[in-house]
Every structure is written in C-alpha cells, then in structure tokens.
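Both complexes below contain subunit A, partnered by subunit B and then by subunit C.
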Partner chain A sequence: MKNAKIIYGACITALLSIGALAGCKSKSGADKYDKNGRLILELKNVYFNNWEGADTYTETLNEMFQVAIRPTNYVYGNWDEMVNVAINGDNLTDVIHFNLKAYNFGSTYEKWVDGQIIKALPDDLSKWPHLQEMLSHVSNIDRLKYDGKLYCIPVMSDIVNYEKDFSNFTYVYRRDWAKQIDEMPVNVNNPNYIPIYKEGDVYTWEEFNRLLAAFKTHIKDITGTNQSIPLVDQPWAFPSVTNFYKEVPHCFVKDSNGKAINAFTSDEYMAGLEVAKNLASETIYSPDQGSFTEENDKAYQAYKGGFAGVLYDNFSLANYIQLREYMRKEPKLDDATALMKVKGPDGKFALEGTENWFSATMFNYDISEKKMNKILDIMDYLLSEEGTRLAIYGKEGYDYNIVNGEVELTEKGWEKGADGKYAPKDNGAKYLRYMATLGNDTKSFDPYTDMDAYNILNAWTEEMKQAKKDGLLRVVKEPADIDWMSTPTKNDKTEGLLADANVSASKYAMSYKGFDKNAYLDSFKNASWERVLKEINEKLGK
Partner chain B sequence: MRKDRLERLPLRPRRSSRETKIQAIDIIICIILVTYALLILFPFWSAFVISISSEEAYLQNNLLLWPTDLDLSSYKKVFTNDALWGGFGITMILLIGGTLYQLFFTVITGYALSRKNWTGKNLVMNMILVTMFFGGGMVPYYYLIRDLGMMNTIWVMIIPGAIDTFNMLLMRNYFASLPAEMEESAKIDGANDIVVFVKIFLPLSLPMLATIGLFFAVGNWNSWYNAMLFIPDKKELWPLQMVLKNLISKVSSNIENPDAREGYSEGLTMASIFFTIVPMMCFYPFLQRFFVKGIVVGAIKG
Partner chain C sequence: MSKAKRLITLSLLTACVCTIVGCNQKVDLDNMVYKKKNIVIQNFEGLGVEWGTYEDPDKLSSGSWERSLKIMNRLNPQVTRCMLNYDWFITNFDDKGDNDKTNDTWEYNFSNKLMNNTIDVLRYCNDHDIDVAFGCWNVPGNVRADEYDMFEEVTSDIRWAKMTVDVIEYLVKFQGIRCIKYFVNSNEPNYTGQMYSSKNYNNTFEIWSKGVANVRKELDDRGFNDIKIVGGDTTGFEGTDEYFTGISKSKTLRKQVGDYGFHVYCPNMIIDTGDLAVRIKQMYKKTKKNDKDLGKVRMPHVWEAGLYDGKDAATDSNAYIANYSYGLRMADYTLQCAISGVSSIVYWDFDDGMHFIYKEDGTMTSKGWGMFSSLGTDSAAKQRLRPWYHSSVLLTNLMRRGSQIFDSGVNDPKYDKNFRSLGVIGPNKEYAGVVAVNRDAKAITKTFRIGEDFKDSGKIYVYIYNENELKIGEDGFVRENKVLEMSLKDQIELTIPNDTLVVLSSKEL
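Showing the complex of A and B:
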C-alpha cells in the first residue's frame, strides 16, 4: 500500500510537471515567416467580416511588401468582448481594432498603454507621409497621447472632409405620404388646412409636430394597413426629440458655474423628455417603442414594412444606402427615403457632435519593429493615390486603364450582374484601407457607390455645414475637458451609468407603471453618480 | 367446452360505463396537453413559415400563421452560402470524430471504474468526480488551452471534452448493474479483460451507448462557445452554430460601417436556423427509443 501511494504521488507530480512545462511557450509577437520567406502579418479588424484574404489584390500587396497578410475579424455583436478576451488572455494578433470612445478610453486604452499591451507608433512618422498627414487632422489627437507618444491610429471617417464635426444622426421620412396627405380631398376642400409638406424638407418645430399629427391620422388611409407609427427611433437613440433640447448627448454637462452635473436631470433634458412623453402618450411613438432592441430590429421593420412615417437613425452613407436597398420596391424611392431637416424650438437644427474618427487601430506591444514598419508601410501606401486606386479600382492594366488622365474601367475587371450593377469582388486592399479610414473620401468615385444616395446625403451634409456657418446648427457635444477626463470611477462606471440612464429615460418617456418623475429622478440618486461627479468636479477645481 | 358456453365468455373484460365515458377532467387534460404541445411546436412552425414567406409579407404581419406570398429565395441564399457549408463540414467532423472520441474515453473509463477491487479505483473516481463540482474557472482554462497550443485549432473543440463525468457515471452504473457472473464465466472460458469488455459488456450496452452518444452528438452539433473563445482567428474552423451566430449578428447602426450593413432579413435568418436544426431533428427520433431506456438503466444502480 505504501508503494502504491508513492507511485500515485510520483504520477501526480509528473502530470503537474508536464502541465507546467506545457505552460512555457515563446512570447507572442515573434516574427514568423511563411514557406516563401514572407513575413506573416496577423491583422484583425471588425471590418474584415467578409474578407478571407485570398484575393489577387491582397497577393499584390503581399508581393510588393514581401509579407503574408493573415486577416481575421471580430464579430460585430461581440467586438468589445473579443478584444478584451484576447488582451486578458495575452493572445493578441499583431494588429487589433477597438471601438475606442471618449467614455471608454480611460478604462481601456489608458490601461493598455500602462500595461504594455499596445505599442507606441514611432516618434518620427515622416517615413509614412500620407499617414502622418492623416494623423495631423485627427480631432482631439492629443488626448490619445501619453508622454508625447501615440499608441493608436484613429480610423478617420473622411480624410478629405475632416472638418465635419457633426454626426449623421437624423430623420428620414415619407415625403410621398406628406404630399399625398396634402392632396387628400378632405384636406384640399378644407379652407383652413395648412399643407404639411415643406419644399426642401426643412421643417420648423411646429411644422414637424403638425406633420407627425397628420401622419398619425392618415397613414392607415394611405397604406391600407392596420398599423401606424408616425415616429420611430432606433433604440439606441430613443427619445430622439430630446436632441432639440439637451446640451450634451451623454452623461455630463456643466452648469452656469462651470460645475459638472448630471445631464439627464438637467432642466434642458427634462424639457425634451416631457416632449417625448407627450408624443408617446399621443401614440406618435409606438406603445412598443420602449421594448425595441437592436436585435429585434423593430424600428427598421416598421419603416421597411410601410407603417412608420419618420425614422431616426445614423444615416451614414452605408446605412442610408442599405435603407434605400430595403425600400427599393417603392415607386418613388427618393420620396420614400427623404432626409428631413428639423429645426428645434430655438429655430436651429440640432445634430449630435462627433470626433472625425471612429474606432482605432492598435499594435501588439510584442511585435517587432520590422513588422510594425511593414504594417505602417502598407497603410501609408493604401492612403497614397496609387494605393487608393488599387483599393477602389484594382490593378492597372487589368481592372482599369488610365486614358487621358482619367480612370477607365475594363470589362474583364468589372463584370456586371443581371441587375446592371458591378458584380462584387473581394479586394483585400480595400479592407486593409479600413485600418486607417472608413473611406468616405473615395465614395464619390467608387464604382460600387449608389450615387443617388451619395448625392442626396452629400447635399444634406453641405446644407448642414452651411447652416453651421450661418449659426443655424447646434452641435450637441460634451465639453471636451469632461469627455476626455480620466478618473478611476468615471473610467469604470460611465458606460454603465449611460446605459442605466437611457433605460430610465425610456421608461419615463413611455410612462411605465410606477415610474413617475420622482422615480426617474431617484434612479440617479446613487453612489456611482455622486462619486463620478465628485471626481470630475475635483479635477475641474469646482 | 361447448360452443354456446364459449360465446357467452367475454373475450375481453367489459369496461364499465364509468370507464368508457370521457370525463371533464380528460378534456381539461387534453386541452392542457394540446396547448402545451402547440406552445412547443409554434416557434418551429413560425420560423418555418417566415423562412418561406416574402419579406414584404413578414413586414406586414410579424405573426404569420400560414405561408404568405411563397418565397424560397432565403433557402436559395442559404444553400449557396459557402460559409454555412464550411461550418457544416466542421460540425460533421465534430459530430462524428468528437462523438466517437468522447464515447471511447467515457465508456472505457466507466467500465474500468465499474470493475471491483483494483487499487486506486476510489482515488481515480474521486479525481474525476470532483470536476463535477469544482471547475478551474474560465480564465485558467483559457490560459491552459492557449499554453497547450490549441488556440485556433479544431482540437480545442474535441480534446478537452474526452470524459463527461455525468455520462461516465451513467456508464459506470450501467456496467456495474450487469451480473458479475458473466465476466467470471467468460474468464473461465479464457477471455481476457479486453475480450470481456468488447464481446460481452459492450454489446449489452447498446441502449446506453446510444443514449450518451446522443448527448454527445447534440452537444457537438450545438457547440459554438469554445469556437468563439478559442478559435477567434480562423473562420474556416468555425462550426455551423458559430457561423450562424456570425451571420445573424445584427450590427447596431451606431457602429460606423464603411460597407453597407448585412441585409440579413428575418426570412434568411429563419432559413439559416432551419438549416442548422433540421439535421439534428431528423437524427433524434431514430435514437429516441434508446433514450429513456438508457437513462433509466444507467440510473437505477448507485
């Protein structure tokens, strides 16, 4: 028996030793080469979703830079989690991509810099002039620097029109219905009737509310359906009408003394919330609006299904094109997806402010200088004119030719489908360019762009830019000193506080049982809010 | 016996009028059971109806009871989707290879632990049993997998699941319930331990093998979580359910996207869901007859 115990002990010790030895492995990030001797680059990005990395354009880049590009993607729904799992599991690819925001940079980026998770860009970027030029236009870039070093490449929305500081969060409406309502006999024959459709789609606050009321009355008559939702918001934006009242989009606003207070209990926000509550009680908003989620996609379904009159969303070009694709069976597509320009009670348009970049590309701390330089070489090349042509048109001589200084697409490179549109083809260069920019600079000449949608959205952008110059656009934006402030509790709690606040606002606006104004205000009376505001005000010296 | 006597004898016991009469309670039970069955079947039916209806019909009425405006384009897209077929292939490898591998280790462990009086039996048993109640936790497990070099390999979805303790206990109890005399007589006839196991105990264990095989197969068919955690960088190794999750994952529109959002309609989602559940639904009834029997025989002996 004694011998048996010794044998067991020896066996267990041996097993544990094997397990421990298995834990010894080389540090990640060491340079690896493929069978052709090309440096392997493991690049991960949420926008690589539809790209496998085996196309001829990627191979062109592989040959040009003597690398073997291995792309992988994050799943949209688990983007943040996948980044965090890789970081906490010390299993990073050479390049990572994160949804970096002002409110989460303290709890992520700042910690990753301190923890030597991500690597700083070289101090001297002159070797990469296009990249350097792009970075010089990034808004609030100094907030992302530590000891003068930048640890990421913010993905710029538009490297040409970088001055734009407002988002495309706005309304689309059924202009065709507005026109039809005006032409209804009951309205035409009413001498007191004021037409609801406004030429140019610019609506004052009063006109906007009148249009919503008319939609409530007449949508069923127009569509013949038994459902009617005059106004529907994407769940993350509900209630959108507060935009015309509130001063900041998120949690913190300064009072008249410059002291930070809770934006969700400010007088301005409460006024907007009361308007939303009234619209909900009048069933201008659907009674189910409070239960809409991104997953069930009900807001879009209502608009696509032809029983919602006005939809609030982020109408980036991609999203706007997609909406028009959904609505393609409408006989007058432009009228069914018209961008609406609403002025608030103060007579001004109101749009949420934004940085001119979205998300950031970062580098694994362990990658070699050689590897980092290669990646920067590729990014810089793709921002050059030649690289942009590779990303958008393909290879010269095959996909396109330059004739009289103009690009001419070839038939063999650009086949058309039965619908007359260019058949989709994988182009790794295009995906790789997303590591630096969302590519809005190329949309005007990208053969895949729906130019009708582009022109409509571009006209809207120009109109809003002009309105801003004329003092008619209010950009709703958090004070930068608070937005980018890093305090321990703010870093950890802001995201949760924002989510809870949106739930409370939604409950109050939808008049949830037992959730009156006092209950709404009470939902903010907790230690987290108090501690965060205290820390912010201490830093502000208030 | 006389013929008239035979005719007078009832061929089967007569039921009393009380027995043949349908009582109110029968109707209530029947209604409850039918309602319950409908509640279970309705989501499947609804998903199927949406998958073969046009998007317009669905948008007009989310609660479709019957196919409206028949449209099979969703299935056309599903059946021409390379990613789904790739996922299907990986899942089939898991289903066949993984299930056989798990069955092998679970069964031989169960058999060994059902045999009497070998030294260290209790120690081994307790070491396995303790994993039912205490786990190392997600983070250590993640580090273990990573350091064993199994990240981004198909092995991570197979190797760690060699022994399922619960199923191993079922197997062990079943083997233990078989008469020990069979083993003794076989050994008298010259059979060694492996012959006894393969030629005597294994053939008698078919219901149990089918039962736990089904458990493993269903588990392997539905697996996606390990792929999400441990195969983040090789899409070609994602099993079917992970591919499905990736496909139907809705992008929040406040995430900027340089390309148009995936126009993954509800019909396409439902068709994809059907694509992933139908094979298992077809497979299940053939093994179901073993299912209850296997559970019962494995559970009666402690």
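Showing the complex of A and C:
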C-alpha cells in the first residue's frame, strides 16, 4: 500500500504539474450550475449506453433534486481503459463506474483510494436509509473498507434476494433434439435403448456424457446440416467441463495445509482438463473451439445456426432473452433453449460463486460534499418504493395509476408497437438506478421483462437455491482471504496470469501441436507465479 | 335559435342542435371562435418533410421512385430539408503535406448517382414551389480517420465554407436549382457525441458561429445573398436554448442567420399534456427579449419534427411509426408548435428508403422513421402508407404558406390538457379551416367558428383521423368523411371521439 501510494502520488504530481504548465481547465468535479441554477451532475456508467438524459423522467429528477443530470457512458469493451484514461488525464466525471473485482481491486481501487482519486462515502449514511439498507447486505463489503471508510457503492444484483451467491454460468441445450433422438425408430425399436432425455432437465455426469455422444451421432440426421457440434463453450469459459472438477474458479487454491498453490496445476483441475481433452479429441467439442473469440462469436453462431446441441454461457436474464430472440424461429422455443442442470462426477451441481454485486459506483475525489449528497439523495430515492415505481413504470397519473392498491398501466404511457410489444422508452430514472443496483429485484414486475424467459430462469434459480440448501450444489469460490488479498505482484499480475492460464488450458485441451502435459505445466513455471504465490503465502503465514 | 346553428348529422360525429351556447364562465371552453385578436402567425410558411438524398439510389427501382413522387404530390409540402455529405463528391484532395489549410486543393466529382439523386429531389422541389433547407450532415472525413483534418475545427475550418458554396454554386448555376432558401451549417451542432463515433465531438457554439460567419461571407462574395443560414439546427430544448440565446444576443450573428431553427424529438408525455406549446412559448419569449425581430424578420422553424418515445437506438427506428397514435401525436405536435409561433415544421421523415444503419459486418438496414418505405426489399407492411402520412396530408394541405394561424384562446393546458385546436385562414383568404385534437379517453363536444372573413365555399369538408374512422379513397389517399353544406363562419357543433384528430376545411384537402 505505502509503495503504491508513493508511486501513484508521484504520477499524480507529475500530471498535475503538466496540467499547471499547460494552463489547464478547471478541476474535474468542481461545482457548476446550469442556466436554471441547478447543480450539474456528470454521471458516467457502462449502462448509460444510448441514454441522452433528454427524457421526461430525468427531468422529473432534475426538478425534484434541483440538479442537471449529464449522463455519459463507458463502452463495455473498453470499460477499464476508459476509466483509466480519465483518471490519468484528470478528466473524471463526478461519478465513475468501474468493473471492480477481487482480482483487480488491489491494482485499482486501493490505489485510487491512496492516490485521492476517489472519495469516501460519508461515515453516517442514515440520511439515505434505502442505500444504507442495501449496503448492509453487500457481500465482502469489509474488504472494500479502509480505515472504516467505504469508497464505493457496490452495484447490487438484487436488493431483495441478496443471498444468491452463485452465478448463472451454465448450459442451455436442445431439449427438442434429445426428445427427437429418443423417438427415432432405431432407438424406439431397440429394447436395450436407454432414453437420453431426462424429465426436468437434470442430468448426472454419465447421462450428460451420453447425451453429448448421442448428439454427436444424430445432430446431422435431425437438422440435415453437414455440421454437428455437441458442445460449445463461450471462449471465456472454455473448457466448461472443468467446473465439475476444480475447486476454485480462478488462479489460487489452498492445499490440504492451507497453503496457496496454483489452481491450474492442482490435481482436481488437471482431472477436469483431461476430461475436456478427451471430449475435444472425440469431437464432442468442435475442433475449432480453440479459435472461438468474442469477436467471431462462433459459439453462438453454432448454436443459433442449428448445429450445436449444448451451449455454455453466462445466462443472465438479458443474455437468456437474447438467446431466445435468436432462436425465435424454432417451433418449440422453450425446448430449443432449455436450461440444463448437470451434476458432476461427485453427484452435485457446480456453479461458479459470485458476489451479490457486480461492479462499483465511485465518486470523484474532488466533488463537493453538496454534490455527493445530491447524488446519494437521488440513489436513495430510486431505491425507495416511489423511486422504483418511477424507474419501472414512469410517472403516476400519466404512465400508471394506482387502482385498489395495484399499479395499472395506462394506454398512453404504455403503448405497444406494431409487433405487439411495449416499445422502448427512455427512462432516466431506470438508468440512474443502475448506479446502485442491476435491478434484478424488479424484473418480475417490469413491463419490459420477457416473462417467459424470466419464469424459466427464475425456476432454475430457485431449483439451484434449493439444491444448495440440500447440499447438492457446490458453489465454486476462491477462498475469500486470498481472493481479496492485496500484494504488489498479485495486484499487478493476476489478470495477466489468469489470461495466460486460460490460453494454456485451451491449448492443452485442444491438443495443440507440441503442447503436451509437460508443456502445459511448464507454462506456469515462471517468476510471476512464483512471486505471487510467495507473497500470498507470506501473508497467509504459510 | 341563431341562424348560425345548424343540425349536423354525422354517423361518426354525434350531432345535435345546440340551444344554449356559452355560459357565465369567464373562459368559454366549449365554443371555439377564431378571431383576429388570437392570430399567432400572420404569414405561416407551410409544412413539409425531410426529403434528402437517398444514400443508396441503386436500391430504388424506377417504379418505386414514381410511386414516391405520387406520394409526395399528395403530401404537397411547401418546405423540405435536404441533406447530403460532401464526402460523396470530393476527389483528388491534396493537403500539400503541410499544416496550412489555405493552400489545400481538391476537386469534385458530381457525376455520380448520389448527386444525380440530389438533383432529382431538388428539381422536384423547384418545380413544385417547395422551399428547401439544404445542407451537409457533417464536415467530410471518415469518423475514425479524419483524413481532411476537419474534426477539430469542424465547420469553422476555412475549407468548409468553400466546399459549401462550391456545391451550392454547382447546383444553382449549373443545374438551375432555385429552391434552396436556407443552408444548414451541419446537422445538430450541439449534439457532439464522442471521438471516433462522432465527427462533431469538438463542436461548440463558438465554433459553429465562426463557421456561419465564414459561410455567410462566402455566399455573399459569390452572389448567393438570398440563401439564408439556419440559425442553429440544434436538437433538444437545452442545446437549442444555448444557441438561440447566443444568436439573439449577437448583433453580428443575428444578421448572418436567417431564422431560429431547431429539432424536437418530443417525448409523448410532453405532447399529450400540452406541455410542448408551453416550452416553445417560453423559449420564444426568452429569445424575443434579445431579438425583437423574432417572428418578423427571423422566424422560428422546426427543421426536424418527430417523436422520441419508441425510438430504438440500435436500429434508429421508431416502434410506434405505424401506429395511429403516431399520426395523432404528430398532428398535436404541429398544432402546439403553430400556436406557439413556429412558422414552419418539417417532419422527420418522408421515406425509410433514404437513410440506413450501417453495421460492422457490412450490411445495412433502412431507418424506420418514414411515412412509408420505397424499398422493394422491405416487407409489404413497411411499404404501405403509414397512418401518420394521411394525418400529415391533411395538415400540409390546409396549413399553406401565407396562411393566418389563429389560436383558440383556450389552448393553455391549465384549461384542458386533452383538447387543443387552431383556426386557419388560407393565403389570400381563399379558404378556412380548423384543426382540433381530442386527446382524452372519452368523446367531447365543442362548437367551432371562424370569426374572420374568408372566401366561403359554403361547404365544410370533415376529415376524421382515428383508428376506426380514417377514410381512404380508392387511390389510396385520405378522403373526407363527410361534406357539410354549411359555412365555417357558422357555429357548428361536433362531438369528437376519443383520441381523434378532426380537420375541417372549406376546401377539399
């Protein structure tokens, strides 16, 4: 921490000096007012894409809080870079939104606190009861505190069901194909045939593998295409089958003595990697899987193109709805996009653990107390019942009325387009609420929600929650003491180490020429891994 | 019973004999009389539509072009806005390898399909007495490459004025185009956006003003003194306020621009509550404090009029465009603008076939803001005339250039948020008409009378626009629902169904 502070401080001093020499513009964060005397708030967020702040709901908030909200957005693909460029250029907006994670917080958040880039929240949050209540449920919030002060608002996924600690990284599959295969004459007429489709979509590890093998044999028969890929993973997740073996999702795991070791060379991970390698050699995975990228989107191309049987991705509601849109042409949409529940060799479901928040809202260190209070006022209001109604339904009396205690949408406010769906309508309150929560708690009553998709995904979530209670779900998590540990090398190198490790795992699983097990293990024998493990174990006292 | 009161029997309008009109209330909300004291515009400049260069004329078959012209004929606009890009014509650009922009040279290739299409559009306007605001979307250059090094200075770049007048000169002197009345000094200069996604990221009012000064000088130097420059072409109330304030406070700039021009993409709620008129009036009043010639010499114009709700940013289309409500709201929008003193309104836009979204994979899809689509590749539903075309036809044919526009005197939303109307006396008092919108969920009954003189035909053509009653003739265009053998000088009582536009006219529209 101290070293970081000195280095960062030096950088800041240098930047400020250059700024002074160049006769810089006024400091970012300074109070400015619009022509109507309203305090200008410059708010930036990755979810503000396509929102200009020109809607009547933003105006309502502007009037209510006597502010002039000026939204801008980060581009998702350049999110981190845009934040860093703004910091380095002393060109920060009043509110910053950053993809804060355990593995980058030491190299960003900690440094920004030390470097006086971001401002602490007030100690006493009782003026903002809804915000205070939300923050009381944030997982691992103590890790984000320095000298008892919190320097960000973690963006909660769901402010009602905050106990969910697993991600939606899972499989979707062609249930319709599984049923079709079972109904093929060759199978119906075979007295020894065991159906591959499982009612309820719950598959043991053996059943999962049998289904993949059946897909390999029959996809071409079903679709008439000349391609067939039983299993595709999004590139960031490959090889997904290791999830059923590994103990942690990322780099560091503890051995039986509590000592940190490289998770990618642990026995458990290696066992999973061998399974992936076998699946690849049996062409259950596509021979091209190693060349899938976010840009070429080959995993989705294969699934929506009708020649992949199982797809692994992060099926957030938005992603699941998107997939269903892609598959809309299928006569049985639910069967073409069924969520699959796979139990690993240990008989348990396995899902990657997650915090109950994603990303964080931070405040420019230079903003005034008045400005910060205004922003907190707005956030608190938007978390209240009334504010939530503004964000989800719009204005009472125009967009909706309360009839017998129930919200009733009006035709004027909620008109449908030619396709019979509610047309998009900018609502600044909804966008601004993203500064505090992703709003998963509002999906069940948001008129824009695709309720078919929501109900399917919600049923899956509830089933997994129950499985967890029953001890049938293994939530794969990094040990919290390592995950949130800050050491110089860990802070600087973890992201790179993780990226390199994923490349090595992919190359090994796909049997890249010359990349045998030794080559795979050798790829981790370097100074960075050694140093980072040494630092972690020193802190662990191992 | 007064002679003026007649029994009106309409199948769709509940008609009755009104025995008692008016009451003791201070403000009469039931009886609309359009009188001299309520004239808001003495010399209206007409309505129209954005009709710019088709970005890919190859997509148009000769049949679709003919159809588009028929549709344009019936719309019969008196003002349009035509925008293009200079990139389409500039060739052999040479910056001489130095930073001096004054010695840069370039040529133009006007012999291409885009200029041919531009000329087709402008010739039509020439032949049909349509005033055109002509302009260029942005400074030339690829949004990521800025190969002409113009993005920093934007329209204040000295080459912009030369390019502008070169293109105008070609059109006027070599193609005989006479309909260009205004030049648009780049589209929505206040909508700056971000570097690499917008060419306009560095624009400011000061930069834009400098560009206006340069263009004005170049136009004057080359004999185009009669072409005015749009004062702003800004978007949104806040940005427009900045530009209008800046223009109105500057004696120099006031002389250099020809109007106060802006764009409004209005949220439904603002239209539905009558608040659009309130806002425009506020802006008008504020600007008028600085510029007494507002409304006399420099008129307010809306150069892009559309609805904000329903906009899908990914496709740059409006999901409500084919709904009847779109037409009703655009009529209400027009009405509110006119009673606020806006002297002409250009709807966004004529034809989906003009503009496209270009995707990274090289494909392009048409933007859905039009009154129809001329693209054979679009679905049959998209090619059909949308309801708002028909409502617009009624207004463009009634509210003609040279008309007097009368407020009802009770349009302020404090009286009634759901009902608005205006009166029209056409140029040379040749005809008269009424435009009224009932935005309520229930039918309402009102009386209407033109309280000033006009050449009376003794007939009233009644047009009703709503989902159930819009009447389309065999030719595919809007028809009157009823012709009444009576005069608009008489007091007529109408029951207007819910969510309905009614247009009354002493001439067939």
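In the analysis below, the second predicted complex is superposed on the first by the 518 of 542 C-alpha atoms of A that agree within 3 Å, B and C clash if a C-alpha of one lies under 4 Å from a C-alpha of the other, contacts with A are read in each partner's own complex, and residues count from 1 in each chain.
Operating definition for what follows: a residue touches a chain if its C-beta (ideal position, glycine included) is under 8 Å from a C-beta of that chain, and two chains touch if they have at least 3 such contacts.
The model shown is predicted, which means the values in this text are computed figures rather than measured ones.
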Kindly say whether there is room for both subunit B and subunit C on subunit A in the superposition, answering fit or clash.
clash
Quick check for you: in the superposed arrangement, does A:G306 touch first (subunit B), second (subunit C), both or neither?
first
Of subunit C and subunit B, partner touching more subunit A residues:
B
Which partner chains sit in contact with A:A237 here, subunit B, subunit C, both or neither? Use first/second/both/neither.
first
Could you tell me if A:D31 is touching subunit B, subunit C, both of them or neither one (first, second, both, neither)?
neither
Touching partner for A:D516 - first (subunit B), second (subunit C), both, neither
neither
Between subunit B (first) and subunit C (second), which does A:E462 come into contact with in this model arrangement: first, second, both, or neither?
neither
In the superposed arrangement, does A:A318 touch subunit B (first), subunit C (second), both or neither?
first
Scan A:N50 for contacts with subunit B and subunit C and give back first, second, both or neither.
both
Quick check on the superposed pair: does A:P424 touch subunit B, subunit C, both, or neither? Answer first, second, both or neither.
second
Can you tell which stretch of subunit C bumps into subunit B once we superpose, 42-50, 114-122 or 132-140?
132-140
Does any part of subunit A touch subunit B in one structure and subunit C in the other, and if so which residues?
50, 52, 72
Touching subunit B in the complex, subunit A uses residues 4, 8, 19, 22-25, 42, 44, 46-47, 49-50, 52, 70, 72-79, 82, 85-86, 88-91, 93, 99, 157, 169, 225, 234, 236-237, 294-295, 297, 301, 304-306, 313-314, 316, 318-319, 321-322, 325-326, 329, 358-359, 434, 438-440
Of all residues in subunit C, those that touch subunit A in their complex:
194, 236, 238, 241, 265, 267-270, 272-273, 308-314, 318-320, 322-323, 325, 381, 441
For the complex, give me every residue of subunit A touching subunit C.
34-35, 50, 52, 54-56, 72, 395, 398-399, 411-413, 415, 417-419, 421, 423-426
Please name which positions on subunit B make contact with subunit A in the complex.
55-56, 59-60, 62, 119-120, 123, 139, 142-144, 146-149, 151, 228-229, 232-235, 245-246, 249-261, 263, 266
